Amino acid sequence: MITCKVIGNVWATRKEKSLNGLKFMIVRRTDLTTDKEFDSFVAVDCVGAGIGEEVLVTLGSSAREAFSNPNTPVDAVIVGIIDGSES
Amino acid sequence: MITCKVIGNVWATRKEKSLNGLKFMIVRRTDLTTDKEFDSFVAVDCVGAGIGEEVLVTLGSSAREAFSNPNTPVDAVIVGIIDGSES
Amino acid sequence: MITCKVIGNVWATRKEKSLNGLKFMIVRRTDLTTDKEFDSFVAVDCVGAGIGEEVLVTLGSSAREAFSNPNTPVDAVIVGIIDGSES
Amino acid sequence: MITCKVIGNVWATRKEKSLNGLKFMIVRRTDLTTDKEFDSFVAVDCVGAGIGEEVLVTLGSSAREAFSNPNTPVDAVIVGIIDGSES
Amino acid sequence: MITCKVIGNVWATRKEKSLNGLKFMIVRRTDLTTDKEFDSFVAVDCVGAGIGEEVLVTLGSSAREAFSNPNTPVDAVIVGIIDGSES
């Protein structure tokens, strides 16, 4: 998983049917041990994450396992809200 | 998912049979928060996206879930047309 | 999918049994809209592509869907020969 | 698989239910033959790895195979603790 | 698939049970058409590859298909030993 900061959201009226009702957040990967700047991408929120929060994002086919319907065409999901870290 | 701009299309007469009838669009990844230039690639269109539109693209095995036949050998699908974003 | 140019081929006598009879082509990714140089890799040919041709390559688990036996340990397949593009 | 050094850990109270009880370690990829610095990310620990240890990490859908429940939305798992290497 | 050179091996006493008996080789990706230097990583050997040999490596979930037990948490496998190439 990667750690990301939630920085916004995006909406799409015309979309693949099984995506209806999902929340699409713009997230930017972070490195908890450096200040390196990464590219942003879009992840579906499963845990009620808000803008500005540091989150845990699962990528690829594993992301689909967070849905009750694992056949959703999604490749990035916010699976946790980070409370703290130690390194 | 990543956000992309549709910039063209590509055609192939000789192709794997299960790809017949699909629309292959050339898309370029965008970063909604910066002007960074990314490489272009090819995604199958599932939502009627037109050239110039900003779209949501799902990658990897999750892309196949957008098809009625999930055994299609496709690894990138346009799953939504972006109406707006906030960041 | 990505667009690639077929630039050669590679052979291996000792290989995992299910790979017998497959054609392993060396391909180099191309960007249809720029002249950027990418790294080369190996893709299995499913459509009779020849050296010098521009092709469509599917990566990852989706590549396996191009085979009658989807349990073949292959992660890159040439699924189409590009006739033309517009961008 | 990639080799990584365990450099810390991260915790998240609000998370996808099936992640309860898992240990989320911050790891940084290493190259056993060079000193190159890579980015850090988060991997679930399956073998009791401690901070400072050199470990083997499996990525992607294969990571899920390390769990008794392969439907866990996890894409990176520590599958071994490296005792030594030769190159 | 990518072409790699086998440059060493790594061992781990404490590891996920289903990894017992596997040979973990350190490999470095090569580009058959250039001298570019890539990072090294770890791949399981399925074909009896020795140090110094040029091999074909399959990545991701497709790598698991090389095992009689496809539920092994492995994401990189040596599936062939390269005898020659033409480009």
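Labels for the chains are A, B, C, D and E, by order of writing; each one numbers its residues from 1.
Heads up, the rule we're going with is that a contact is a pair of C-beta atoms (placed from the backbone, for glycine too) under 8 Å apart; a residue touches a chain by one contact, two chains touch by 3 or more.
Just so it is clear, the model here is predicted, and its values are computed rather than measured.
The chains that touch both chain C and chain E are none; no such chain exists. As a whole-number value, the distance joining the C-alpha centres of chain A and chain C reads 31 Å.
The geometric centre of chain A is 19 Å away from that of chain D, both derived from CA atoms.
In chain E, 60-61, 63-64 are the positions where the chain touches two or more neighbouring chains simultaneously.
Taken pairwise by the contact criterion, the protein chains form one closed cycle in which every chain touches exactly two others. Chain order round the ring, anchored at chain C and oriented towards chain E, is C, E, D, A, B.
For chain A in complex with chain D, the residues that touch the partner chain are 1-3, 31-34, 36, 46-48, 56, 58-66, 70, 77, 79-87.
Listed in rising order, the residues of chain A touching chain B in the complex are 7-16, 18-19, 24, 26, 28, 39-44, 60-61, 63-64, 71-76.
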